[in-house]
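Next come two complexes, and both contain subunit A; in the first it sits with subunit B, in the second with subunit C.
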Partner chain A sequence: MSHPSIDIAPQAIPRRLAPRPNGLWLLLGLIVFMALMPLVASPYALLLMLPFIGYGIALLGFNLLFGITGLLSFGHALFLAVGAYAAAALTSKFGILSFELLLMAAAGASGLVALAIGALCVRYTKIFFGMLTLAFGMLFHSFLFKFYGITGGDQGMRVLRPLLLGMEWRGGKTAFLTGPFYYYALLLFALLGLAMWRVTQSPFGLHLRAIRENAGKAAYVGVEVFRMRLTAFVISAVYGGIGGTILAVTTGLADPELAYWTHSGNLVFMAVLGGSGTFAGPAIGALVFVVLQDFVMSITQYWRFVMGGVLVFLVVFMPHGLSGTIEALVNRRHGGR
Partner chain B sequence: MQPARAADTAPLFETINVTKAFGAFKALNNVSFHVRDGEFISIVGPNGAGKTTLVNVVTGLLRPTVGQVRFMGRDIAGIGPVELARLGMSRAFQLVNIFPALTVRETLAVAVASRLRRVGNPFRSLKRDDALQADAERIAEVLGLRARLETVASTLSQGEKKLLDIASAFALNPTVILLDEPTSGVSTGDKHAIMGVLVSAARAAGVRAIVQVEHDMDLVERYSHRIVALQEGSVLADMPPDAFFTNPSLIRAVIGTRPQTPRKTS
Partner chain C sequence: MTELVDVFLGGTFHAAVLFLVAAGLQLVFGVQKIVNLACGSFYALGAYFGITAVGIAIKLGMPPLLFFPVLIVAGLAIGLVGLPIERVLRTIYRRDESYQLLITFGFLLMFQDAFRYLWGATPRTMDNVYLAYGTAQVLGVRVPTYNLLVIAASIAIAAGLGLFLERTKTGRIVRATAENRDMAEGLGINASKIFAIVFTVGCMLGTVGGALVVPSGAASLDMAVDLVVESFAVVVIGGLGSMRGAVVGALIVGLMRAAAISLMPELEMLSVYLVVVVVLILRPAGLFGKVAA
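So, the complex of A and B:
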């Protein structure tokens, strides 16, 4: 039974002896870089970073479900919409402007919706899970679209400028978004990134990965598969809701397109683009997606065609996404494989 | 591990008149057998005799159509794998059943984390949980996987994968361990090594009984205290190896389809 370990020797080295830049540092590095951006970047560039922060947070959650637990949702935009509409309803219908309360409401509402939907969805896996989540997403989209009296129908609902830490900003809209709101959102991104890192590095996160790898076996070593999947679903929805709130404040509007299935498709695109196998990958995918879409839209009206081409290229040539490809290149340089 | 005298103790677990029907087909027909403290039981029988169905019923995956499955005095019919693991019965599978992308350390930590109930708080650190890590290392040590702790499971040799599968069953600190062909798909040389490691590990880990389904008669003869032979869903024999291997008609009934002499299916 004692095999010469020549062929697998590199992996037998304890990880502590061979430190590698981990995903958390990559994400925090990116956030620090973004914190310095207002010193040099134009307001336009900063305004572009806000959707990235929103999507980045949503993608951290999305990847807990997709990359870690192995459940691919095609209806995840539903939770972004729940967050956005929670912010819209509170600010424009109830006059509640505290951003902290908006965040709590968004997190609570999307978490509750996820608990109800997830209790059904996570009993299924693979395509069945995907289709069920897609169906719930479309159901919610129809609700937003048709119940004009409550949701404003295709007009959507306005999201008023919130108070940050109870303070009102008297300047213009762009100054608010690229100033205090930008830093607030960035700090939130960092905190939620840190929290998600802890989750992925916990015994709970390990159980999720075990479920992804082999759910049948996991059950036999005491993993509560249903409960773990449902918890992951709820956590990912909470991140989605918070991301959606940031998007809605940025645009000042919550509209039904947020819940439309193509929006869920974009989330999947971002995860695949960045690489769902790494911690920071999906968030980086969100950044590249937002910047790329903005760039392509500015030069051609056929931007969907270009984005589609990028997706085809990715799946064929970079199945592990940007971060996976970079990781492979770094490993090759360090003599590993 | 030495078997207790039959009269000394109540069985650790037993099936009482278990019948499992799939439609009109009875995969198990009125099967009763028991396992006492310290016993190593081998379940043998030709393909289709109902061995795997029996293991599935005993491990709560399938609910018997009729009859009881009792483990430490409790009816466990159909309770499901998670609850079963909690009660102290764990199982390793016929086919290699691992978490391909997890390392050996992580694989063992999955089981240890469920046993030590470490998953309630999703912010708890896995790396800094010394008790959990030490326990995973202890199990790796016992099963000879210490040098492979940081190796990704999918890159292990076939024999090591089997050991890892068995090790994760041990990581639950089980009272009884059920092994569905622990050495299938492993070279003959490795078979004895794996069984040797397994039995000594069981002794070290305080496992009170082992039940295995096994085709390899050498292994069955060498390690079992008792052999339960199944044929067409019924118990054909339940006796010590000495008696079993001196009965030519029994051996013929069981060895008919040994894996060494595969018959072509028509």
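So, the complex of A and C:
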């Protein structure tokens, strides 16, 4: 906000060049729709929406790194696992049940881990960045998997029911998850979505875009490439950690598979499915992914084959994802660009 | 002393197989600039198909002693699956590398379920042939002769591949295409054909690797995704696109793992990733890689 060249007379910017808040409205519209869902939807559908909220938050962060900064991480699931294990360790080992504290711990832990890993990773771009993040993700996975005494190994760690706003909620697990926790998570999704919108529209977001387009030129005009990339990495990790906490509370379990590289691959899948070039695209990709996977799993046990096929089709024919394709169709109807 | 020899032999056996898969990965990256996540699937495909092929061969009355050549032929034959896959990949050669990674990730998922459909979810083993060649004494340690055969085969393939790339005309054309596709095409080289050949050969290296490893263990659904990370480690340590790097990287990863398993089993894969991280930090382009642009 403090950047002078941006703050001077915003009215001077012609209207069509001003950032169109389409993506934000799309996301908020989706969240409002989801807030109304409990009135009509079955508990099953609501339980399906919870992983979506978790992934949606994680994807908002992931896209800051991938879509805006142009860094493809193939180890981002690491941060979901950090968030999940933070929640698991605090609830089942230390007896801390306040969800707010869990979120703060998850955000803090993944931010710190990201600071250390990011300082090593963001010097590299493209495939090297992808491979290095993958290596760190798998490093964490094998730590979780092999150090049974600390992490519970392949059994994972249980996540107990947290207190929301310091209050204990009665009722069965489903009632808790589809009731108070659902609204809580949704509100969090909305707040984090707003925050991410501010971040992407800020001078900082502009710096990141400049880095994506041409890091050399950006550095030449004074963008601190390393610091900006590192900050983006840490922010995206914090979002990942919070998303991971929501996932872990939903399933009641933190297990090492969360950090496995194919899980990171799924995150990239969601981002590209929705369209990484847009603000709300990746979150919508997460929604479509969660619903599609659930649907395909219900009709065939060979759901991976179908999902893989969808991915191949998507990459070949719809590289801009769902939102990019819809945008292109709309533009064509309105006389094209 | 015997323990050391044990680790060395076990590590080299693992390295021999890893090298084959990693060499396939390197070849494809070197020429097509695609990091093929599906390389692990080719490896698993070779393993499953190897079991089936040897089973059929023995049923047809072939003596068990011939199973080694059967495995190699089976690996080479099923490697032809690379041709149709290359047809699909062809559409995205000029795209951003994130899409290339993703499409091969899609293939990996598809293969995973294809294996489940064709061979079932329980691990499959090949019995009775692993020790058909007996065992051999190496410096006071008993090893199955088969392991030594695999190591020898891998060395032979490495040498053959090196000779092919360095000495033959086609090899020179492959290297020229890798260096600059447009220039090569300008000189009248059919780059599409070269790409198809290279990808299929890369695929065959993976399937042969899988076919060779399976008598000593089992073919399972996890082997594809697990091996991807290991062969990634190999190419990152060795340097992307470098064949020498694949040899050295495979040896490092293979020996590291064998040593870790005998000293501290918890560190099995952790040690490998640690080496990867250290190498990437000190030499981001890997031990033999060209410096990244």
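Throughout what follows, the second predicted complex is superposed on the first by the 316 of 337 C-alpha atoms of A that agree within 3 Å, B and C clash if a C-alpha of one lies under 4 Å from a C-alpha of the other, contacts with A are read in each partner's own complex, and residues count from 1 in each chain.
We adopt the following convention: a contact is a pair of C-beta atoms (placed from the backbone, for glycine too) under 8 Å apart; a residue touches a chain by one contact, two chains touch by 3 or more.
On a predicted model such as this, the values are computed, not experimentally measured, just so you know.
Chemist: Which holds for A:157: it touches subunit B only (first), subunit C only (second), both, or neither?
Modeler: Neither subunit B nor subunit C is touched by A:157.
Chemist: Quick check on the superposed pair: does A:131 touch subunit B, subunit C, both, or neither? Answer first, second, both or neither.
Modeler: Only subunit C; A:131 stays clear of subunit B.
Chemist: Who does A:203 touch here: subunit B (first), subunit C (second), both, or neither?
Modeler: After superposing on A, A:203 lies in contact with subunit B but is clear of subunit C.
Chemist: After superposition on the shared chain, which partner residues are touched by A:223: those of subunit B (first), subunit C (second), both, or neither?
Modeler: In the superposed model, A:223 contacts subunit B only, not subunit C.
Chemist: Using the touch definition from the top, say if A:34 reaches subunit B (first), subunit C (second), both or neither.
Modeler: neither
Chemist: If you stack the two complexes on chain A, which partner ends up touching A:109: first (subunit B), second (subunit C), both, or neither?
Modeler: neither
Chemist: Does the superposition put A:213 against subunit B (first), subunit C (second), both, or neither?
Modeler: first
Chemist: Do any residues of subunit A touch both subunit B and subunit C, and if so, which are they?
Modeler: none
Chemist: Quick one: which bits of subunit B touch subunit A in the complex? Just the residue numbers, please.
Modeler: For this pair, the touching residues of subunit B are 59, 80-82, 84-86, 90-91, 93, 97-103, 106-107, 109-111, 113-115, 118-127, 129, 132, 144, 147-152, 155-157, 159-160, 163, 165, 168-169, 171-172, 190, 193-194, 197.
Chemist: Can you check the complex and tell me which residues of subunit C touch subunit A?
Modeler: Within the complex, subunit C touches subunit A at residues 35, 37, 88, 91-92, 95, 97-99, 101-103, 105-114, 116-117, 225, 228-229, 232-233, 236, 240, 265-270, 273-274, 276-277, 280-281, 284-285, 292.
Chemist: Please name which positions on subunit A make contact with subunit B in the complex.
Modeler: Its residues touching subunit B are 1, 3, 5, 8, 11-15, 195, 198-199, 201-207, 209-210, 213-214, 216-225, 228, 231, 235.
Chemist: Enumerate the contact residues on subunit A facing subunit C in the complex.
Modeler: 66, 72, 74, 120, 123-124, 126-128, 130-132, 134-136, 138-139, 142-143, 146-147, 260-262, 265, 268-269, 272, 301-305, 307-312, 315-316, 319
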